[in-house]
Each structure stands twice: as C-alpha cells, then as structure tokens.
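Notes to accompany the following structure.
Which chain is which? They are A, B, C and D, in the order written, and residues in each are numbered from 1.
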Amino acid sequence: MKLNRKLLWMLCICLLMAFPVNFEANAQEESASDAVDTTGIPPAPPVNVQAMDKPNDNGHGIVITWEPSPDEDRAEDGVIGYSLYRSDEKDGDYTEVRTIAAGMYSIDYEGEVYKYEDQDDREKIGSNPNPDFLEKGKTYYYKIQTTTATGLTSEFSEPVSAAPRGDWFHTGKTSYFIAIIIYFALVLTYIRQAKKGVHLYIRPIGGIEAIDNAIGRATEMGRPILFVLGTGSAADIATIAGYTILARVAKKTAEYQIPVLVPVNEPVVMSVAQETVRAAYAEAGRPDLYDEKNIPYVTAMQFPYVAAVNGIMMREKTATNFYMGLFHAESLLLAETGATTGAIQIAGTDQPAQLPFFIAATDFTLIGEELYAASAYLSKEPLLLGPLKAQDYAKALIIFFVIIGTITLSLGWDFVANIFETSI
Amino acid sequence: MAFYDNMIDIDRRWIYLVLALAVMIPAIIPFTVPVAVTPEVNDIFQFVDTLEAGDYMFLGIDYDPSSMAELHPMCRAIMAHCFSKDINLIMCSLSQNGQGMAEQIIDEISARYNKKSGEDYCFLGYKPYFALVILTMGLNFRVTYPNDVYGVSLDEMPVMDGIRNYNDCAGVIGFESGNIADAWIAYANGRYDTPVALGVTGVMAANYYPYLQTGQLFGLMPGMKGAAEYETLFKQRLERLPEKDPSEDERMVARESMAYQTTSHIVILFFIIISNIGFFLSRKHEKKII
Amino acid sequence: MNLSGDIWVWVGALLTLSIFSFLYKDNPFYKFAEHLFVGVSAAYWMCMGIWGTLVPNLFAKLHPPLMKTILPAVAGKEPDYWYFIPLILGIMFLMRLSPKGAWISRWALAFIVGTTAGLYLTRSLRSDFIGQIQYSIIPLVTYKDGAFNFVGTISNIIIFLGVFCGLIYFFFSKEHKGAFGVASRVGIYILMITFGAGFGYTVMARISLLVGRMQYLFADWLGVISR
Amino acid sequence: MKRTLPLVIVFCSGILLIIQHFIPSEESEFLYTYALDWIITVGVYAIMLGIWSLIRVTVNKARRDPGERFYAITTLAGFSFMVLTGWRAESLHAGSIFMTAFNYILIPIQATIFSLLAFYVASASYRAFRARSALATVLLLTAFIVMLRLIPLGPISKANNWLVGWILMVPNLAASRAIILGVGLGMIATSMKIILGIERKYLGGD
C-alpha cells in the first residue's frame, strides 16, 4: 500500500512535468499558423559579423564570418542570399565582392555560420590592376546586405575591418614539425653511438650471401660482372646504397681478377662510381687492375641508356648482373635481356612500382628498405648503421601509433587519428 | 629429353612470336569480346540512362593529352549517351592542356547528334585554380564563367536559362588524370552533396575505390577496361532502340582494343600454365628416380 | 595493300623493325638504331633545354629586349636580376670540364643537392610519412547503412595486419624468430600478393604499347589494315 | 675552403627549403618559386656536361676501334643532324625538319623499346611464375587472377572482377603502405645526412 502511494505521487509529478511542455508546444504551433504576413517587409541584416586576418597564408587574405539573419527562415519571402561588400575606407565606396547563397554554412564551424575567404595575391592581371587584390597590412572594411526571394534588401550590417598579414609559422603543420624534430634527434643520436663504437645489432639479411656466390660464379666462368646503378641522381638514397654494394663487389672482383663494368647515366654518378671502385681495388691490394674505361658515362636519357646497357650485356657476355639503385620502366628491359644471356642477376630498388618486375625476372631481389639495410650490413659504416637504427625505432613508433589509433578509433574516439590530420 | 622438359624450356623467341601473332589476329580478323560489366561502371550507365530528355548533366573533361588513350573513349561514350537521350550538357575543362582536346571531342560528338552550343550544351572552358572553380560553381556557374568558351554570355543562352549551379544538374561526371579528381569529391560532393562519378586512368583507379565504398562516388570507370564496359552497355542500349539511330556508326574504340588485350592475355596465361604443368611433371618424375 | 609513300614513315618503320629484331638476337641493325638513338636524343634534349628552358626562364628574364624576337610576350617586362644567380651557378657547373676548375663546380652541385634534399625531406614527410600513418588508422569494425558490414570489417582488419606485418618484415634490429618471425612471414606473403597484382595489372598497359607499334607498321606503313 | 664551402652551401640551401615549408608568408613563397626555377635552369647545364662527355667518348671510340667506327659515326651524325636542324627557335614548332625527325626517328625508337616490355612481360611470367614454393605460388596466383580479368569467362569474370578490386584495395594497399613508410623514413634520413654534411659521397672525388 505504501508503495502504491509512492507510485501515485510519482505519476502525478510526471504528469505535472509533462503538461506544461505539451502546452508550450501547442502554443508554438498556434503562433506559427497565426504568422504575420512578412511579404514586403525588408529582411534584417545578418548578425555577429566578424572579419579577421586569414591564418596560415601569405598575407593577402581576410576571413569574414557571420551568422544568419533572423529572417532567413521566415515563412514568407525568406532570405536567399548574403552580399558581401568591401572598401578600403570605413565610409568610402563599397564594392560587391561576392554573394553567398543562404544555407551554404561553413563546414569549419558547428552550427549555422557563414564563412567567406576574401583572398587574392595578384597585384595585376595582365597589365591591368586587379580590383580584388588585397594589399598586405592595409585595413579593409566589410559590410553585408541580405536579399530575399522577391528582391528585397536589408540595411547594411555595421562595417567590420581587418588587415591581412603574412604568417611566420603554419600552425596546421605542427605535427610535421614535431615529427621532424623527433626523427632528427633519433638519427643524430644513433649516428653518434655508432661512431663511438657502440655495437648496433642488425639481423642478417637473406640473400647477402647470394652476392658473394654470384661473384664466385663469374670467376669460374672467367667473364666480367655488370653493375648498374640505376637512373637516379648521385644524391638519391638508392644510388648511395648502390655505391656501398658496388664497393663490396669491386673489392671481391679485384681479388679474383675479373673486370666489373659500371656503365652510368649521370656525370656525377660516374665520378663517384669511379672513386668507389678505385678505392676498393686499392683496398684489395690491386690498384694496378683499376681501369677507368670500365666505368663509362653512356648517356643521360633513359631509353638510349637501356639500349646501350642491353648492348653491353649481349656483347660482353657478362656472367653476373647487379641492379642496385633507382629504377624506372627500364627495370624489366634490363632484367629480361640479362636473363636471356643466362647471367645470374641480383637486384635491389626502393621503387615499389618496379619491384614486381625485378622479383619476376632476377634471381634475387632486395625489396625497398632491404637495399639500404644490405648496404649498412655489408659496410658496417656508422653513417649507414646509425640511420638504419633510427629508422627501426621510428617504425616502432609508427606501429605504436597505428595500433593505439586503430583501437581508439574502433571504440569511437578519434583524438589519436586527429594528431595526424593536417591542414595543407 | 622428355616432353615435359620441353614445356619448361621453351625458347623465349617462340613466346615472342606467338605473342606477336596474338596481337595481330584482331587486326586481321576483327572481333569483339564480351566485356563483363562491373557494378561501378553499371551504376554510372544506369544513372545517365534513367534521366529524361531535357535533364542536365555536368561533365568535367579534366585530363591531359597524355592520358587521352584511356580517357577519350570514356568521355566520348558518355557524351554520346547523353546527347542520344537529348540530355543537356554543361561542361568544363580544368586541366591547363586539356581545353583544346575537350573542344575537339565536343565538336565531333555534337555534330554527330546535331546538337548546338547554347541550345543543347554549354562548354565553359578552362579556368585556373580548379578547387576554387569547383567550389564557386556550386553557388552559380556565372561567378567564374560569365561567358562560355566562345565568349557568349551564359545569360543569353537558352540552355542555361534558369540553371544556376550543380543543384540544377542531375550529377557530375569527371574524367580525370590527376588530383582534380580529389577536388570533385571533396567540394562538389562533400560540400554541395552533388552526386559525383569519375572516369580515371588505370593507374589511379586503386586509390579511388575507397570513395566508392563510402558512397562519395556513385560510380567509377577505371582505365581502358572501364571505358570498354561503358561502351558495351551503350551499344546494348542502342540496339534496343526501335528507330534507326544516327549513332549506328559509333566507333567503340575501347571495346575494339579489348580484343587485343584478350588475345595477348590468353597467350601469357597459356604459357604460365604450360610452364607449371611441365614443372610439376618433371618434379614428379625426379622423385620416381630417387 | 596501300604502301605509304612518305619517306619519313619508311624511316620510322625500318627503325621500329630494327629494334624489334633485337628480340631474335643482337644484330647490326639493332646496333645501328641504338647508336643513332643515342646521338639524336642527346641533340634533341639539348635543343629543347636551350629553347624551352634557358631562353624563356633565364635569358628572357635577364634581358627581355634581347629575346623579344623569339618571345614577343616578354618585350615590355623588366629584367629580373635575381636570375644572375642561376647563370653564375650554371657557369660554375660547366667548370667541371676543366681539370683545374672542377672544384668550383661543386658549389653549384652543392646548391642543387641541398635544395633537392630540402624538398625531398618535406615532401616525403608529408606524403610518405604523416599521410600514410593517417590513412592507416582506420576503424576495425565497419557499418554500412547502419548494419554490420562483414566484408568491410574483414578488409579493414587485413589492411591493419598488412601494414603491421609489413613493417615488422622491414624491421632490422631484431632477428625474425618466434612470434616476430611469424609476423614477418605474413608480411612477406602480403608483399608477394602486392607484387603479383602489380605485375598482372601493368600487363594491360604494356600490351597497349605493343598494339600501338603494330598499328603503325600495318596501318601507317603497309596500309593492310585501316586504323 | 674547397671542401667546406660546398657543405655550407648544402646546409644553407637545405635548411632554408625545410624552414620554408613551415612558413606560409610571401617572402617564403618567393624563395620557393625561385629556388625551383633555378634548379630547372642549372639542370640544362648538366645536360651540356653530359653531351660533352658523350661526344668525347664517341670520338675516342671512332679513332681507336675500327669495329666500332661505323656506329660511333652514326651517333655523331645523328647528333649533328639534329643540332643543325634545331639551331633556331622556330624549329621547335610543328612541321619543321627538327620536329619531323623527332616524330619519325626518336618517337618510333623510343616507343618500340618501350613496347619490347610487352614481350618481356610474357617471357618473364613464363619463367618466373612457377609454383616452386609457397611464396612463389602466392605471387603466381595473384598475377594470374589479375591478368584473368581481361578474359571473358561469363559468371567467373564477375566474381574475378570483384576479387581483383578487393586485392587492389586491401592487401595491395597495406603492403604498399609498409614499403612506402620504410622508404620514406630512409629518404628523410638521407636528406638529413646530406643537409648536415654527414653524407658527402655525391660531391665526388678530388
């Protein structure tokens, strides 16, 4: 019984709470159907008009935002457009910049906010001055007028002003900036450690022994070895990795006294390659065997280069072909010709698009980063080992962020994913 | 030497010869291969096909001359399809080198279907800053393009009478060889909710499939094969029409080239199969000896 | 049969056949075409470099009136003296030809290498690094039209595992043993799928190139088929 | 001086370009556009350098090696012909002898060398795509499935098309990302080493 009374009370309270709400809703409906006819009455201007310098730009942009006119959704003759006017004096002549259709709210804001970026950095178009050019540092005034479907216009909104200025840091790129600093620190730390002689472990890379075996085979057959450094420039990382492997190959060939042919397609690559081979021969104690003619410059053009290298393979009957560096469409052209001469072929490149062809046509392929790792593994140079370590730890960081990001995003939180969102 | 040893040791020159013959066959004995139509291409076709005469479509002819081989057939087929159904077209060309090429194809197809600029279609031409152009066209075409490419004011054109922006068009189909494709998705669809479909080069295709999944694109035509699929559907449509159509001599460029692709792919797959059979037989035999 | 009467078409056709002859074996015709190609392309790029780049991008900017017969559009422009820098750099670059002045050419090389290194760094950072991480963070469970999407979910899980195992495969600081080895094994399988697909997908484009050459021979030259 | 100054130049130009990336202001835009334009211009001088080296090698070959003499002269003749016909700005317009030679000598050779790839794709897949091991089988099967999409097989084609789309969108995407991430890290590290003067092989020997 006691319980029942409690229930009754609660029911009463609920009813009391519900009633006024219903009542209000009814009242609103009535007032709407009772609406005054607004036809012929000019609309109100927009509210909360603001102008500010456009962030992260080169200093020729102003952002104007405003909220809808109260008359935007009125039943009769609602607002259909907002016309934006600009002047360089507060009370001067205003010229129309743009009309924005009603309802085109900015996606950058929650709720109903309009945004227009007035931006133009061209002082002249052809030889005529550009009327829309915004001068850096100069103050511009803006006002807005609304228009209804029947063409009625409102009063102008109160003028607002802003001066465009150039920015000195792009805040949208903060995550890049932090990533760069962290990575810079990692690379430098590990290079220093490697230089100090700290042992940095690198796992054996499958196929390194394939390089030595291939050289051995050329020796047995008494035929030359071909080493192609690709069609990249001297400063491309794949070419740099190529030099290191070339040094190893050249040293072995000097010991076995077989020539290594290195046709190149860039003058600078040629001089580095010559230097590398000369040093390797000296290290092997056979500087007398070094012949500059074996490392010729062929031509800088891609297909003529391929035609010439294919010719070398066919005519010199090379026993082993190495392709280590940056390759484009020539990858398969070279590797298939090499296969027809019966040469053993070992390739390595960091170009994902060319890897399928090397995988299919050569005997062994170093995939992407394996090329860098192989060169570090073979040379044990601190300058190569250090960054490889740093790359490994950066990868670990990436795995960490991807796992955390994926888990949080799957649970419906996007804050980790948003770290990597950047405005460009 | 057992026959299976021959199977794994065919001289490469035989392979070259057979492939060369395979590529020549369709040139000597022309034939067309049935093209399996993928849903993403079919969606575009059905979209256009359900429109009524007098409806509007927007075409973005935004590719460079270097990707003409793949994108020209697509553009040609869709434009012909629209004109054959008396759909009005509004077109732009947002790639710097593409306008002349776009003009060529418009002249060709419009002449075949007897369509006139200003009455049945409007070619807006090239304007720089493609992202801004795509954005402002969502407000009104007249903002960036007061005139069409021939200098005629949009206000004086019967075809543009009462047509303001994408809302007045059924949808947008872009033919893209670069990052303009992203702008159509982000602005025309993302900002204005316009239905967008794209024809892209074969190399780009893989990157745009995800947008299909999310519904940001209502269709996608990838490379030569996509073009061939559309041509197939269009051809079927033409055959179903009762009256004789001026488009009977419509050339199905992409479909024709699929014949070469099919014969040569058959050859390559055939040799792969041969080599694997030979490989298994010889290995089996080796085991027996041991 | 409608043989072409244009001598240039014949030149093109004979050169095409010479290159194709390499498929049978190396021969003097191929060797001739190869050597001709090297010479002609070198001269072509040189002329294009001079008339297409040096003249409009350098000389016309330094001294517009001098170039007005070639480029009428620049006639009224003011000279831009900033362009003395690339002119000097270019001359320094050519110093490589003299054994004594070779060291000066390193300054120009240093400018090119430094600038490209800066560009590469920021570009890779955006497209290969931050961008790839951003796209790799995807929800594992997906819904389509409010209902659980089975294929989408499986696909996203495979993408996640693929990126994870692929990165493990390229991890060099730890020997690939145990669970680590399993992940790296999965990584290499997914890599192979990619390479197989990459190979298969490009075949179509390569065949198109061959068809183009065949059409040149049979339609433009021999005229046995219509194009 | 000979060794240090280039490293200073590398450091300054590299750091400037990196900093530029984070500064949206007009001064920074100016730097960026000019630097790019200058590199393109200086690149033309590199072509000249290459041509000089080519001519020297070819002339030497013609002098010393009677067997190669004919071919060396072919190269030199082709080169001189193009230089003589392309010696005026107008010769770059359509219809000139220079452009005709480009269209009927350069383009056919280049396109034909490129089209050899069609044959090589065939012979490489015949040799390489054998089910030697589990890994090779995976490679073989995906390549096979992807190539099969161009052969009409009725209902099988439909399923196959879906599968090809899925392979491209899912495993292909994942593995490419792993490669690109690793290569990108290497690229950034090398750029850093170059800018800081740690890596200096590209400067060549003395």
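By definition in this document, a contact is a pair of C-beta atoms (placed from the backbone, for glycine too) under 8 Å apart; a residue touches a chain by one contact, two chains touch by 3 or more.
Bear in mind that the values here come from a model prediction, so they are computed numbers and not experimental data.
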item: Shortest chain-hopping distance from subunit A out to subunit B; value: 1
item: Central subunit by CA centre of mass proxy; value: C
item: Chain pair showing more contacts of the two, C-D and B-C; value: C-D
item: Subunit C and subunit D, separation of their C-alpha mean positions in angstrom; value: 4
item: Computed distance of Cα centres, subunit C from subunit B, in Å; value: 24
item: For subunit A paired with subunit D, centre-to-centre distance based on mean C-alpha positions, whole Å; value: 20
item: Distance between the centres, which are taken as Cα means, of subunit D and subunit B, whole angstrom; value: 28
item: Set of subunit B residues in contact with two or more other chains; value: 12, 16, 19-20, 23, 225, 261, 264-265, 268
item: Multi-partner residues of subunit A (each touching 2 or more other chains); value: 176, 180, 234-235, 267-268, 298-300, 303, 307, 340, 352, 355, 357, 359-360, 367-369, 395, 398
item: Two or more partner chains touched - positions in subunit C; value: 22-23, 31, 33-34, 37-38, 41-42, 45, 96, 109, 113, 116-117, 121-122, 125, 129, 133, 136, 160, 163, 167, 170, 191-192, 194-196, 198-199, 201-204, 207, 210
item: Arrangement of touching chains [line / ring / star / complete / other]; value: complete
item: Touch list for subunit A against partner subunit D, complex; value: 56-60, 121, 136, 166-170, 173, 176-177, 180, 183-184, 187-188, 191, 234-235, 237, 240, 243, 266-268, 270-272, 274-275, 278, 296-300, 303, 306-307, 329, 332-333, 335-336, 339-340, 350, 352, 355, 357, 359-361, 367-369, 372, 383, 387, 390-391, 394-395, 398
item: In the complex, subunit D residues that touch subunit C; value: 2, 5-7, 9-18, 20-21, 34-35, 37-52, 54, 58, 71-72, 74-83, 86-87, 89, 91-92, 98, 100-119, 121, 125, 135, 138-147, 150, 164, 166-185, 187-188, 190-192, 194-195, 202-204, 206
item: Subunit B-facing residues of subunit C, complex; value: 23-24, 152, 201, 203-205, 207-208, 210-211, 214-215, 218, 225
item: Subunit B to subunit C touching residues, read off their complex; value: 13, 16, 19-20, 23-24, 27-28, 69, 202-203, 213, 223-225, 257, 260-261, 264-265, 268
item: Residues of subunit A touching subunit B in the complex; value: 98-101, 104, 107, 340
